[in-house]
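One chain, chain A, appears in both complexes that follow, with chain B as partner in the first and chain C in the second.
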Partner chain A sequence: MKKLQITSVLIAIIFAIGFIPEVSGQSLTGEQIVEKAYNRATGDDQTSDLTMTLTNKSGNQRIRKIKQFTKDLGEVEKSIMFFLTPADVKNTSFMSWSYDSDQNDDQWIYLPALKKTKRISSDSKSDYFMGSDFTYDDLGDRKLEDDTHKLLREETIDGKACYVVESVSKDEDYMYIKTITWIIKDNFIGLKKEFYDEDEDLLKILSIKKYEEISGLLIITNSEMKNVQKNHKTSMVLNNVQINTSISVSKFTERMMMRGL
Partner chain B sequence: MENILKKLLNKPWIVIAVTIIISALLFMQMKQNSRMETDLDKYMPQDHPAFVYSDQAEEWFGINDGIIVAIENKNGIFNSATLDTLKQLTKRLQKMDEIEKADVTSLYTADNIIGTEEGMDVKAFYKRVPKSEEKLNELKHNVENNEMTFGRLVSYDETVTVIIAEIRDDVFTQEFYEEIHALADSYQTDDIKIHIAGRPIVEGTMALLGPADMMKMVPIVLLVITLVLFLTLRSVKSTLLTMAVVFFSVVWAFGLMATVNIPIYAVSTMIPVMLIAIGVADGIHLYSHLQLFLRENPDASKKEATLDMLQHMWKPVVMTSITTAVGFISLLTSQVYPIKYFGIFTAFGVLMAMVFSLVLIPAGIMIFGLPKVKKSKKDESNMETNLAYGFAAKILKRKSISIYVTAAIIILSIVGMQKIWINSSFLDKFEKDSEIVLTDKFINDHFGGTTTLNLILDSEGKKDVFKNPEPLKLVEKMQNQLENDLEVVGNSFTLTDYTKRMNKVLNADKEEFNVIPDSRDSIAQYLLLYEMSGDPENLNKVVDYDYAKLNVTFQLKSDNSKAINSAIAIIDSYEKDFEKQGISMNYAGSGYKGLIFTDLILEGQIMSLILSLIIVIILLSLMFKNYKIGLIGAVPITITALISFGIMGFLDIPLNTTTALLSSIAIGIGIDYAVHFIEQYRTNALKSDDMLLVAQKTMAHSGRAISYNAIVVIAGFLVLLFSVFPPNRELGALVSLNMFTSFVGTVTVMLVLLKVSNIYFKKTKS
Partner chain C sequence: MKTKRLILILLLMASQFAIAQNPDISGFARNYTGVLYDNGDFTILQNTFNLDISKSGDKIAFKANPMLYHYNSDSLNLRLRELYLNLYFNNFDLRIGKQQVVWGKADGVFITDIVSPLNLTEFLLPDFDEIRTGVIATKFDYYIGNSTFEVIWMPVITPTETPPESSIWYTAPDFPIAPTFDYSKEYIDPSLKNSEVFVKYSAMTSKIDFEIMGAYTWDDYPTMHIQKTIDPATMQLTGLNITPEHHRLSVGGGSFSTEIKGVILRGEAAYYNGKYFQTEDPLQIDAIIQKDYLHYLAGLDFIIGGVNLSTQFIQQTIFDYDKNIVNEEIDNTMTFMARYDLLRETLHLELFSYIGLTNNDALIRPKISYDFDDSFSILLGSNIFVGDSDGRFGQYSENSMIYAKLKYNF
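Moving on, here comes the complex of A and B:
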């Protein structure tokens, strides 16, 4: 058992360090850095308790507790989440299948009051996730080739050496004209990210408050997105994170949504 | 006092030099520090509970006044050209500094939530401008089937669509106004017309137009007054010196204002008006006395003449100025700061006019010599005297006529006053056929209304109350009653509309589900879903984060006080029902604040009117050491104020910030006339026991000066009738009217009362 753990840690270390010898000779391009950040291993599946706290400009808060399951099936990533609190939305569930191809996400909602699952179709990945300050894109749906990446400089923030990469959207109508990401050199975690709107004004700042090593993988467990124009922020804290527990694919069905936890 | 004035008489150059130097310094202050305050919020007393609550609510829900840009195409708006214009304009507005990007709403930014058999679809109505017939029809269909858009962003006849751009506080400037108009003009074509309306535009236009018009008119008023003054005084020197008194007092008042760093408010532009009307009086009385003295003593030296003038006239000049100043100082009781400032600085100006009259005019005579008294005028002056004597005799002979007529006028005025109503409307201040009024009417004809009234329902901190069906159903009932019963309420909007829309959409778009669901869980889950799929910001405008406060927006087709009050009356009838559910009601928004503000101004105005009347009576009683004189002296003022309000009632001129302030001028001027007349009457009575002769002499002296004064100022203010800004026209008409009634009241009924009361003739009753 212990051996297994050590092995996985070792694997993780090799995984993390593994790339470095390969590239140490030549310096990385912006695109390579972002690619490594996007492809950073986060496991095949994950179970966690998400506490999402929305704070408005007056300091009022809406706190939602959600149980979530995600599974990466290669071409498609499936996730399902169940609301635990507030009480009046308990057992409301939400499922999404997001595809590596250009296909739009498939999304379903189950409202216990309605006793029906409903398909939600949305034409944009720029939609905000559950009324938070995160868009689906911000949560990892963005694809490498959607932007032109450029390494601006190297900088140390919070005592961590980072690459600073600017990513400019190729699509002029995209909600962010560009983003600037501070990517930790050691592990390719995006530690901080600034989002600029169409007018090149700073719109949002993502900060990673905490990441933990779980089952040998680095998992971001506390992050905060702040919309500086609206003075609204969302904090996402993960607890009881379990990685690679071989969640069954059958978990991600409309029937399971209706059944609840 | 008299001694100081005499001493100053010997050093006329110093007096003039000092006045000019100080005036120049104050003028420089004025140039450097003066600024115009156009933000109407700054006019409101910030600590009044209604304003405090409204400001908070505006913060909670992001309630801002919106500029409405309407795009009209008579051939319908569902074509590529119009939709492209809508998109471009929306984007341009979003990029303006004065506007928050998220605060621009149009068909281009709106979410369309539609129900399908299997689920729900959230889409923008369009991003790329639709080109094909098929896509245009699809858009048309989507708009027609979304009650949150149809009739709100697109008119029912589909010829107009609007963009609503909320602007931040404090940003409205002339430049911004011009920029918006230039932007709109640049998108106009033969087919597409663009109209601009909304409260910020109306407020801004008014704040800019009123004073601008005043600045254009005041020089003309001054010119006319100078001209008429010359015709009555018949001397260039006297005319110029009298006008110099007015000019310097205005410069000093505004200079002091700039020095103590108080901005110029819209009401402050009335200060020169007041000072012109009041300031010329002192000069006229002084010169009038001087002329009469010279008529009798044609060979007197300029020093003798000036000394006699000062000796006889300093007292009434000081008395009138002090009573007038006190009348204005009584405006300090107002809760509205601009009005307090108006009172203080007008009072200061009046006192300065007094000082200049007593110092500058004598100094001027010493330097430039006496005004010429032409011999040829002898006949005319005899005629004048005869006229005055005859008039006084007639008045005293038929004194009952004066009394009865006055009584009749008072009764009529009181009847008229019953009809007076208060109006806080801004639009009503513009010409009926002006661009701004027509645009507003155009938008009101096509949409819910350009004026908003916000009702804030507050569960006093109890969370999640507005997820319950009971309060929402009550709100809906109220919304329906207002929309159905009142012509003027075009639309209303709040959480109920979202709830109904979601219920319908999630039940396959069936119309029977366009109602508020019966269970709280349903409502909570629908709202969660809306947040997840729509723009959560939208919900923040109708309900607070804890679902403890609700903002209901009513759209009204008029900003007239009668309209707003009719809506409030119905809403208030729900107060008890809400109270039973533990919910309190408050109002917010600029329309409501305007209403409260006008009430405050009037309340303060009436208070200060009564207060100043009392003070004036006391002051007069003290000055003349007789309480009867105090009461008699107050008669012309009272008549003037009553007639002024009575006529407003009959002519349907509502009370508003401008017209209400005019009661101050009634006091200011009425008291001048009365004091001069009484003082002269007293002086004459000391010399003679013949009551008729005393009255006749007074009429020939003070009566003459008062009539000159009235003629000069009336002529000047009638010029304002040609103003392009209706409130300035009302001002001109009402000031002229007040001058006239004060004059007539003084020389008729007051004279009669003086006679009847027998004051100064105690020993020898006639």
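Moving on, here comes the complex of A and C:
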């Protein structure tokens, strides 16, 4: 009985030791923290209605509505967006295939007025998406190895204990020389992110306003990107989020881009 | 006039019926005004109302797209750009009715894109979404993964629309005496025998997108059969009779686009078999001669400093060339496009140009547009024709203009 108790204690200690690096941030490196944030489970597929509200410095607003579908197929993640408003871009669709490997993303846009699907350059990642404050790169999955990550400190914001990680771009020509991200220790959600331009001046701040548990997964449903230099902002709200509904692979084809919703 | 009224009444009735089904309705209203640099004439005074009515379900969808053009007089021109039904099945779709079909990877150049003919009544100036004419057709698309096999059957030819004699875009044929025209052979009866068939296989892959096409069609441009009457006594030309007639044409071709290090590389080519060309050879009957020709393009799209750039080189080569043919043996053209968006994509700067390398002429089209809000925009632009007056663009050097478009989208 005593032998069994000792064995149980030893197993408990071994498990405890095994778990220490997972629960204690002190031994996690900046890269490990960002990796956990990047690899946070978001489901095999997702459907949602996206509303983007663009607010300029005078307070005037423009609204863009999009229906989007995403599916993770392992080596490749496919997504398709259907633009609902404004009227001049209605029925336009955008499809992207992102690869885990070094291969460039494949991107196409269907322009209903021209009735044509065009392959577009993935070099446009630094372009702003539909005139918003989000670049295509801000919306996509940036690769872990694109930056050098360093844990700066731990800090509590909005009552949540966070790791503060600085990520410096390895590409000198990249539009952000560095970013600083506040990552919640409990769930590895990036709660806040600061983007610095080539002069190392603060350019934009991304704030997560709301995240929800949907189908057992934490999904960011309300975020805001503010350009502090030009004093305009974009809010992004997700509604009708559905996770793991087994979206068919055939959704991510030219047929569906042209057919629309 | 009665026919127009009837069409309008039918359109209104159809709209009422469609609205009762709660369809999606969108469109635009636009004012378009153009002034010639040469003499200050308002060459374009046009108001346009475009209505796009559609309803889509899992198995069936319909679309109606009437466009109403109002000109400086009270004249109205109603165009039904599209009116079709879509039937969706598991692996294939069927589209029946009047429709516009766009093929190929070229921008502003029509090589394999020959299903929907062009409306050239205002030369190449209308937006590319308005320059095509709808065709009455049945389109069958069969899908295998990311590839599509497409067959289009057209029971009736829809010819290319050319400018009327009153238009500034009309180019009068250069004849020593005034010709007479016989249009009796221009019309082709819709029948099975006279049908047009187009087939295409296309695929969209992670490495490359490509299309392979073939067509047994009619030449959308009528061939001018010219019969001369010569006085045997004086050997002088005394009569000239011109009979426009469409002829059969077989076409095979393909296109591709791929990305290489952030640059989109595009290519497109078509081989036209049995096209009739005008000739000055006196031994050729009706002053025409049949030849094959190749039309191809290579293009690049890239981004530098946030500016979207695109350039294309286009060549048209007539095989087994005869020096009496009116067209050049080799005709080279380039296009260039630059576009830059500012102020959170509300201010757009664009420059598009065709450059004729064979005749050293060009059409240069700068424009600037501003979106006041999500529905209202203003565009200021210019169409500048320069170069050799024998060239395709240089011949219109007196038609250079400045124009404005006010547009409300709904």
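Everything that follows uses one rule, which is that the second predicted complex is superposed on the first by the 231 of 261 C-alpha atoms of A that agree within 3 Å, B and C clash if a C-alpha of one lies under 4 Å from a C-alpha of the other, contacts with A are read in each partner's own complex, and residues count from 1 in each chain.
Convention: a contact is a pair of C-beta atoms (placed from the backbone, for glycine too) under 8 Å apart; a residue touches a chain by one contact, two chains touch by 3 or more.
Keep in mind that this is a model prediction, so the values were computed, not measured.
After superposition onto chain A, partners chain B and chain C are found to clash with each other.
In the superposed pair of complexes, A:Ile109 makes contact with chain B only, with no contact to chain C.
By the touch criterion defined above, A:Thr85 lies against chain C but remains apart from chain B after alignment on the C-alpha atoms of chain A.
In the overlay built on the shared chain, the residue A:Leu261 is in contact with chain C alone; chain B does not reach it. In the superposed model, A:Ile63 makes contact with chain C only, not with chain B.
Contacts of A:Phe94 after superposition on the shared chain: chain B is touched, whereas chain C is not.
Once chain A of one complex is fitted onto chain A of the other, the partner contacts of A:Arg119 extend to both chain B and chain C. Applying the stated contact rule after C-alpha superposition, one finds that A:Thr253 touches chain C and leaves chain B untouched.
Contact with chain B, but none with chain C, is seen for A:Asp199 once the two complexes are overlaid on the shared chain.
In the superposition on chain A, contact is made by A:Asp173 with chain B only, not with chain C.
Within the three-chain superposition, the chain B stretch that clashes with chain C turns out to be 475-483, the only such case among 133-141, 475-483 or 619-627. In the superposition on the C-alpha atoms of chain A, the part of chain A touched by chain B in one complex and by chain C in the other spans residues 54, 56, 62, 86, 88, 108, 113-114, 118-124, 127-128, 130-131. Contacts from chain B toward chain A in the complex involve residues 59-60, 95, 100-102, 116, 118-124, 127, 464, 467, 506, 517, 519-522, 524-526, 528-529, 531-533, 535-537, 540, 544-546.
Across the complex, chain A meets chain B through its residues 54, 56, 58, 60-62, 83, 86, 88-89, 92, 94, 108-109, 111-114, 118-124, 127-131, 173, 197, 199, 229-230. By the touch criterion given at the top, residues 26, 28, 56, 86, 88, 93, 100-102, 105, 127-129, 141, 143, 145-146, 148, 202, 204, 206, 209, 257-259, 262-264, 301-303, 306, 341, 344-346, 373-375, 377, 409-410 of chain C touch chain A in their complex. Within the complex, the chain A residues that touch chain C are 54, 56, 62-63, 76, 85-88, 90, 97, 99, 103-104, 106, 108, 113-124, 126-128, 130-132, 232, 250, 253-255, 259-261.
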